[in-house]
Structures are given as structure tokens and as C-alpha cells.
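Next come two complexes built around subunit A: one with subunit B, the other with subunit C.
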Partner chain A sequence: MIWQFDLILLTLVVIFALISLRVKDLMGASIVFGAYSFLMCLIWAGMGAVDVAFTEAAVGAGVSTVFMIATIYNTGRMIKPRPQDMSFKLLMMLVVVITGAFLLTAVNDFPEWGDPYSPVNDHVAAYYLTHSMSDTAVPNVVTSVLADYRSFDTMFETAVVFVALIGIYGIIRRRRKQDDSDSDTDALPPYDPSESLIIRQASRMMVPFMQIFALYVVAHGHHSPGGGFQGGVILGASLILYSMSYNLPTLFKKMTEKWIILLSAIGVLIFSGVGVICMMLGSNFLDYSVLSQILPATDSVMARSHAMLIVEIGVAFTVMCAMVGIYTSLASNGRFDKGL
Partner chain B sequence: MSILDWIAVLFLFAGSFFFLGTAIGLLRFPDFYTRTHAAGKGDTLSSFLILAACMCYAISHSHDGLGTVLLVLKLLFIANFIGIGSPTATHAIMDAGYETGVTHWHKDKAK
Partner chain C sequence: MSTQAPVLMIIAPLIASIFITLIGWFRPKFSHPIAVISLLISSIASIQVFQMVLSNGPQQYFLGNWPAPFGIEYVIDHLNSLLLVTISVVATLVALYAKRSVEKELPDKLANYYTLFVLLVTGLLGISITGDAFNLYVLLEIAALTSYALIAFAKGRSLMATFNYVMMGSIGACFYLLGVGYLFIKTGTLNMTNLSQILVSLHMSQAVLVGFVLIILGMWVKMAFFPVHGWLSNAYTYAPTASTCLIAPLMTKVSVYVMIRVMTSVFSTEYVFNHLSWHLVVVAMASVAILVGSMMALSQRDLKKCMTYLVVAEIGYMVGGAWLGNPAGMTGATYHIIADAAMTACLFMAVGCIIYKHGHTSLDTMKGIFRKMPLTMLGFVVGMLSMIGVPPTCGFFSKWYLISGAIEAGQWHFMLALLFSSLVNAIIFFRIIEIGFFGSLGSETPDPHEHQDVAVKEAPLSMVLPMLVVAGALIGIGIYTSDIISLVIQPLISATF
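Showing the complex of A and B:
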């Protein structure tokens, strides 16, 4: 860490956050927000949290910007100023200032950055760092903590991603019969990028490589930064790129709505199914070491390593389908026939 | 410093120079099309130059044979993706602007 570099990055982050709040054009605001996420990604990478940086780059700077633009496409591009009385704004400012003051008083109680005696570092972290290799044969401690030691948390995170998809479907999915009154978009002028041969060919060249790279990220998460979440987001992004450069019906030919929901549920099922199998073999939920009884040619250490891969694949399924499902429902305004 | 290091420094300076040109062009050109043109071309070229500098640095500073080759290959892949992605994105933005009727700049219209 070079502190000058960090200072520049943190200053820029604050500036970008303020800009994205101030800009009246929502399209510009979401682009600035993407740049903000990318700077955060650089800060994570500088702190050594490469896995977090990877996720931030894929989710924050990549896919969430696309989600916001898809939302703008169906709502409206400009902020319409709402007449509000001044006293309400002053009240809100008072609330924010008081909350901020409380938060700032808590800053003093934080331990120093990287303090070896802070509560985070002297509890279980040392055990994970020293025993990850001998317990699970996984050199990347982030993966072993995420998918083995703390897999209960990760299972419910996956379930949360699944629930988010279901929630968005439940809110904006519409039946095709009753949609005669929804050409109400005052958003972007109609422009169809799928008419451009250049964009089509470029995406045809990029999408397969993106998918292979995503599979590599999923499978190689044991040894390098990456894992189910990052790989799933990249897979989802490749499908989103495909549907943007052609159009939505082309994507639905490859991957129908039914499969999107089904595969995202299957992802959660794989994760929790591994846990249930562990219980059936007479151990605790998600205690992978007993899987050596059914996985061929593995001892109890390698069983944990292999089970992590299975679990990460489940996570990747869920995350990929959540990304594609959220994008398609936002871009087509819940109709799933055409859009963006 | 070996020769490769000096080449890397040269590439870095050239890349920074073209990045500077991109930024100036983005700010100073008169209309949408010329600005996008500056962003697309300068950005791609300077990314290439900086990646080339990274490759030279990697070759001269790491000594495990296969690892260096893999590192350089990864950088080449990144260069390949920038080479495909950045001009296509520029094209997409320009095409969208053209289709939706952004007007050109003319010399006699200039203020």
C-alpha cells in the first residue's frame, strides 16, 4: 500500500459519490456510479482483498450499471424535481447529521488497520490461516473460509440471491395478455444495436471466451482469487452481452424463462443437498469430510476440497441465473418478449 | 537496469502521452463524434502501449520460465479483449448517437 495512491483513490471515491448524487441525468449518474465501484475495486485490491475486488469489479462496476441502465430505459431518464417544503429537507438534514455524528464517534473505537491484536484477528482467523492447507488442501484461504468453515453463511447468501430473483420476478413479471397500455416509455429513443453487424461479430468473438474464463474462475477458485460468485456473475454478464448485441428473443431461444428459474433453484439445491448428504452419512450439516465415503479415491481432506468445488458450482448456477433473470425482467419491463 | 526495462519505460511514457492526448481530446473537441473518436482511438492505443510495457517488465524481472510465459499470455489476452471491446463500444456509442440524430459540427457553425 502506497498511502499517497490510497489518498488519491479515497478522495476520488468521495468526489464520484457526490457527483452521482448531484447529477440530474440518471444515465450519467449510473455511469459515474460504475466508475465509483471501479475505484472501490482498486482500493480493495490495494488492501490485498483480491477476491472482494474481483466481485466489486464484476458486480459493482459491470452488471449493476447494466441493471440501472435497463431500469432507466423503462422508467425515465431525467429527475423530475418534486416541490417539497424546506422544513422537510431541514428535518432530513438534521436526522442525517445526528446519525453521521454518532457514526463518527464510533470511528475512534476501531482498531488500527491491520492490527494483529484486534478482535477480528485474535479469534479464529489465525486458525483458518494456519490450518486451511492441512484441513482442506485449499491454498486460497478466502475460498476455504467461504465455502467450508463458514459455508452456512454462504448457503444463505446463495439463498438470498435466489430470493432476490424471485422477488424481482414477482414484482415486475406481467402476463402477456394484458399489456396493451405499456408503451409508456419516455426513456431512450428507440435504437436497436442488433442491426449493427460490427457489434454482433464482436460479441460472437467475446462471449465464448468470457464463458470459458468464467468456468476457469469457478473451478480455479481454490488456488487463485475467484469462486462461484465471481464466475457466476461473469457467466451472467456474458449472457447479458449476448442478449444486448442480438436481442432478447435470441437469448430466450438458448435459455428460456423456465430454465432461468429452474437453474437458479437447482443451484441452491446443490448447495443444501451437499449438506443433507453429509447429514445422511452421519455427520453435521455441511461437514464435508464424511463425503470421502462416497466420493471415489479421496481421503477426508480432499473430500472437503472437492465438496467446495461442488458447492461453488451450485453458487455459480444461482448467481448466473439471478443476473440473467434480473436483467431480462428489467430490460423487457416484465413482459419477456422484447426490450433493450 | 537492462535494455528491456528501458523499453518498458519508453512504452509507459508513450502510453501516458497518448492517455493525456485522449483526455485533452475528450475535453476540447467540439462535438459528440469527434470526442468519441478521441476516446476510442487514444484509449485503445495507450492501453496497448502500457500492456506492452507490463510485458517487457514481466520478461525482464521474473525468472520462472513457464510463469513468465503464462503472465505474458494473459496480458496478450487482455490486449486482445481491449482491441475487440473498446473500438466496438466506441462504434456502438457513435452508431446510437447517429441513429438518434445527434448533429455534426461544421466549421462555419462554430461560435
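Showing the complex of A and C:
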């Protein structure tokens, strides 16, 4: 960590945050917000948290900006400020300032950044660092903590993504019969991407490479930053790019609404299924080591490593489908036929 | 299999949710049976665990067989074992109850609805059972996201109410996470037992103080404690019936449980009541919460909305009791978590039955409701008596312990607030009796159909029966109070004070 870089990045983060709050055009605000996420990603990378930076770049700067744009497309682009909101905003600002000041009172009490003898580095993390290789044969400790030592958390994080998809889908999905009645009242503005030849050709070339890279990220998570979440987001982003450069019906020809929902459920099933198999083999839930009984040519340590790959694939399924499903729900305003 | 019971209780609904989505896409009507079966498995597992705790003391379960604090650990002790039974049994009953109501209100979303329904129960059980501060946050997220969606499914006014709930809920969850982060920086562990061992030597640390305050504030937002209670009423009022019946009794109670868990197991009563000496300020806030909740309830003209404000008042009971800083108050608070879960479930289920038949719950149109729906109103009366605190019901005993705790601590305003709240509940109760029992049916409604059915027009049996079971449980819990106190709460209190 170089303090000059950090100073510049943190200053920019604050400036970008303020800009995205001030801009009246929501499209602009969400793009500035995406830039803010990207700066955060640089900060994480500078701190050595490369996996976090990866996720921030894929989710924060990438997909969530697209979600916001899809929402803006179906709602409205400009804020209409109301003067009576001002007093409320000032009150909230006071609350935020007080909370921030309270948080800052503890800063002096924190250990030095990067102190190897601080409690965080000394206690549980030290065990992970020294035992990850011998316990699980996975050199990327982040992956072994995420997908083995604390895999139960990760399983539920996957379930959270699944819940987000089912929730958004369930809330804004409209059935056909309703669709007919109000199709005139809030018809979408026409959007004809047929002229955008350059975008189409460029994305046609990019999508396959993105998907191959995503598969690499999923499969190589044991040895390098990445894993199911990041790979799944990139897979989802490639499909979103495909649908944006053509249109939604083109995407639905490749991947229907039904498969989006079913595959996302299957992803969680893969993860929890591995846990249940471990239980059936006579050990605790998600104790991968007993899988050596059914996986060919593995000892209990390699079984952990292989099982991590299986659950990462499950995570990638769910995350990919959730990204595509949330995007298509928002972009088509719940109709699943046309849209952005 | 009994050694796997702790985790079985959590993953049965999780896996059921996947199959509800998979099978429900093709055959929506199978969604409900799968949900009920998985919740039954959960209930049986939770009762098994409860018996194990009673006979052998606290139980541990290591997920992935990683010993704590390196892996995630489930700890079932006296505090949460009974809560787990309550959650799973109430959820099973609500699931049975939900069938007809969901079919009527959300006919084209059965699969999505039950997927989220069982996942919410997974989240609530997971929050209550875990011995890991971060695992708790993950499950808190599951419970929060599912409850947002379950409320927003009603469309219309529920959407704006959900939006407010999402904002407040996210702030609450963020505060909790930040607080856990602060504790992690100072201790390097997320395991609650391990945290409490390390925190003993860190009482003077400012970062630990900030972490504690953030966690407690986050939970207050989540449970709708007084200054931040605004989101609760509308969210619960405009939600689908079955969602309210599941969320109102359980969600806020689980937040109260987390608060008590953090106060007693992560920190210690020594730290909370002796080192920090502002617990009496919290009791004063709780008194205000009870007063505000009761007053707002009194001013409502809609029964469901009135009940949601009673929930706000009840939160005041539990927070106040937990912060009184003496064994009687803590006994009252922990007992009231169980009692209030059953009471609110009973009341909202009765209100749901009225909505099912009546369409809405405006007090003015409830004339003759007692004659029209006698069984529903029987359940409602039992629930309301428990709210007031009439002896055979469990509401009396929790109020008894809370008031004796208040007297012991010399917090007269808390005692007065409790009595005032009882009084208000009685007024609301008699108002409903006046309108529903003595008000003649249909005198203001010119609709001839209303006149013909002066006789019984009861909600379906699948709705009335679960409600009556809960109503019976209110009396049952009341009768077995001394056993609950001596077997479950006493070991807990003696361990913490």
C-alpha cells in the first residue's frame, strides 16, 4: 500500500460519491456510481484483497450499474427535487455526520494497518494460512476459507442470490392477461438496436472470450483470485452484453425464462446436495473429506479440493442465472418479451 | 440421526425451497405440501434438539467438521432451544394456515411464494441456532430479503411500505455487520464463545464499545424499537395475510433474541450493566416505545393496523425487560419472546381469517362479527386476553416477571408503562367486543346478501384450526410457565448473572 496512491484514490472516491448524489440525471448518477465502485476496486487491490477487488469490479462497477440503467429505462431519468424534502435531508445529514464521527472515535484504537501481530492476523487467520495447504490442498487461502472452512456461509450467500432472483422475479413478473390490458398505457419507448452495427460486431466477438475467461475464473479459483461468484457474474455479464447489443428476444432464444429460474435453483441444489451427501456418508454437513469414499482416486485432502470445485460450479450457476434473471426482469419490466 | 438434528432443522426448508421452485414451475399445487413437509421435519428436529438440551445441557454442532473457532459452529443452549421449537412450530402452523389464503390472494405465484416462505423460516432458524457472529449476518440477510419479497407480493400500497422497510432493514443489517467488523478487528475471531473469552480483557477498548453500540443499534432498527419503528406498521398492514402471520410474530422476536444473545453471550452482563452504565436510559426508551405503540394502536380505525402497533409496544416490553439489568427482567424478556410469538401469531391469524371472509378489517364494518365468525373470534379473544395479561394465559406471566423486574430495579416508569399498555389493550379489546358483539349485523350495510347469512360464515377449517391450536398454546404455555421457567430460563439466568 502506497499512501500517495491511497490518498488520491480515497479523495476521488469521496468526490465521486458526492457527484453521484448531486447529479440530477439518474443515468449520469449511476454511471458515476459505477466509477466509484471501480475506484473502490482499486483500493481493495491496493490493500491486497484481490478477490474482493475482483468481485467489486464485476458486481459493483459492472452488473449493478447495468441493473440501475435497466431500472431507469423503465421508470424515469430525471429527479424532480421537492423543496419540502430539504429539511428531511438536512436532518438525515446530521444523523450521518454523527454516526460517522462516532465510527471515527474508535480509529485510534485499531491496530496498525498490516501489523502481523494484530489480532486479525494472529488468531484464526494464522491457522488458515498455515494449515490451508495441508488441510485442503488449496493454495488460494481465500478460496479454502470461503468454500471449505466457512462453506456454510457461502452456501447461504448463494441462497441469498437465489432469493434475490426469486423475489424480484416474483414481484415484477406480469402474466400475459394483465399484459394485454395495460400494454397501451405504459408502452415502452421504441428502441431499435439494428443500426448499432459496431456494437453488435464488437460484442459478438467479445462474448465468447468473456465466457471462456469466466470458466477459467471458476475453475482456477483454487490457485488464483476468483471462483464461483466472480465467474458467475462474468458469465451473467456476457449474456447481458449479448442481450443489450441485440435485444431481449434474442437472448430468450438461447436461454428461456424457465431455464433461468430452474438453473438458479439447481445451483443451490448442487451446493447443498454436496453437503447432504457428506451427511449420508456419515459425517457432518459439508464435511467434504468423507467424499473420498465416492470420488475416485482421492484421499480425504484432495476430496476437499475437488468438492470445492463442485460447489463453486454450483455457485456459478446460481449467480449467472440470477444476474441474467434480474436484468431481464428489470429491462422488460416483468413482461419477459421485449425491453431494453 | 439425532446428532444431525441441529443442521437438519435448517437444511430441510432450504432444500425444500429448491424443490418448490423446480417442481412448482411445472406443478404449482405441489408447492404447499412440500413446504409443510419440510417444516414438519424442522419441527421434529427442533423438538429433538430441545429434549437433548434439557437432558444433556448445551449442544454443539461443527459444520464441515471444522472445530470452532476455525469453522462455523452451532450452539444450542437453553436460550435458543425453546425459541427454535417456537419458530418451527409456529411456522408449520402458519404454513398450514396459509394454503387457502395464498390461493386466494396470490393464485399465480404459489411456487415463488412458498419458496420464499420456507427460506424465511430457514433464515429465522439459522439466526437463532448459530454460534457464529458472521453466519448470523448471512442468515439475517436471507430472512430480511425473503421478508421484503413476501411483503411486496401484495402489490399496491405494500410496495411503498416495502421500500421503506428495505431501506431501514438494510441500515440495520449494515450496522450489525459494521459492529461485527469492529469486534473482529480487535479479536480476530467471529465465533461467539471465542469472542466472549477474548472480550473479557478488552472492556476498556473504544473499538469494542463502538462495535457493541453498532450491533445493538442495528438490531433495534431491525426489531422496530421506538425511534426507528416507522417502517413496521405499513409493511405489516399491507402485506399478504400469510406473510404477516409469519413475519409479525417471528421476525421481530428473533431480532430481540439476537440482542439478548449479544448482550449475554458475546458480551457479558458485567460489561453491559456495570461497565457501561446507560442501561437505564434504554429502559426509559422502552417505556416511551410502549406508550407510543399503545397510543398509536388506540388511534387506529383498522384492526390489522392496530395490531401492528401493538407489536411495536411489545418490542418495548422485551427491550425494557432485557435492559433492566436484573434476573427477573431478563426472565420476563426471554419468556416474553416465546409468549409474544404465540400471541401475535394467534392475533394475526384471527385477523387473517376475518380478511379472508370479510375482505378488510376496518373496525366500523365489524358489526356482528362474533355471530358471523364465532371460532375466529374465540381465538381472537384468547389472544387479546393474553395481550391484556389475564391469568391463565401466558401474557400474564411475562408481565408479572417484567413488572417485578421493574420494581426490583426501581424503574417505576417502566412498570407504569406496562400497566398503561395493559389498560390500552383492554380498551381496544372492549371496543371490538362493543362493535363486534353488541353491534347489530348489517344495520349499515344495505347489501341483502349480508342479511341472509346472519348465521355462521366461518373461514375455512384449514385456517381456523391452526389458529385455535395457537390459541390453545397460549393457555398451555401459561399453565406450564413454572416448568418453562425452572427448566429452561433458570439455568440461563444463573449462567449469565
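Note that in this section the second predicted complex is superposed on the first by the 316 of 340 C-alpha atoms of A that agree within 3 Å, B and C clash if a C-alpha of one lies under 4 Å from a C-alpha of the other, contacts with A are read in each partner's own complex, and residues count from 1 in each chain.
What we mean here is this: a residue touches a chain if its C-beta (ideal position, glycine included) is under 8 Å from a C-beta of that chain, and two chains touch if they have at least 3 such contacts.
These numbers were taken from a predicted model, which means no experiment stands behind them.
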Could you look at A:Y288 and tell me whether it touches subunit B, subunit C, both or neither (first, second, both, neither)?
-> second
Just subunit B (first), just subunit C (second), both, or neither: which does A:H123 touch?
-> second
Figure out whether A:A297 sits in contact with subunit B (first) or subunit C (second), or with both, or with neither.
-> neither
Touch count on subunit A, higher of subunit B and subunit C = C
In the overlay, answer first, second, both or neither for which of subunit B and subunit C A:I2 touches.
-> neither
A:I261 contacts which: subunit B (first), subunit C (second), both, neither?
-> second
A:M206 contacts which: subunit B (first), subunit C (second), both, neither?
-> first
Taking the superposition as given, does A:S196 touch the first partner, subunit B, the second, subunit C, both, or neither?
-> first
So in the complex, which bits of subunit B are touching subunit A?
-> 77, 81, 84-85, 88, 91-92, 95-96, 99-100
In the complex, the residues of subunit A that touch subunit C are 102-103, 105-106, 108-111, 118-125, 127-128, 148-153, 156-157, 159-160, 163-164, 166-171, 173, 175, 258, 261-262, 264-266, 268-269, 272, 275-276, 279, 283-289
Give every residue of subunit A touching subunit B within the complex, in rising order.
-> 189, 191, 193, 196, 198-199, 202-203, 205-206, 209
Contact residues on subunit C for subunit A in the complex?
-> 4, 7, 11, 14-15, 17-18, 21-22, 25, 61-66, 69-72, 108-109, 112-113, 115-116, 119, 122, 126, 134-135, 138-139, 141-142, 145-146, 148-149, 152-153, 159, 178, 182, 184-190, 198, 205-207, 209-211, 213
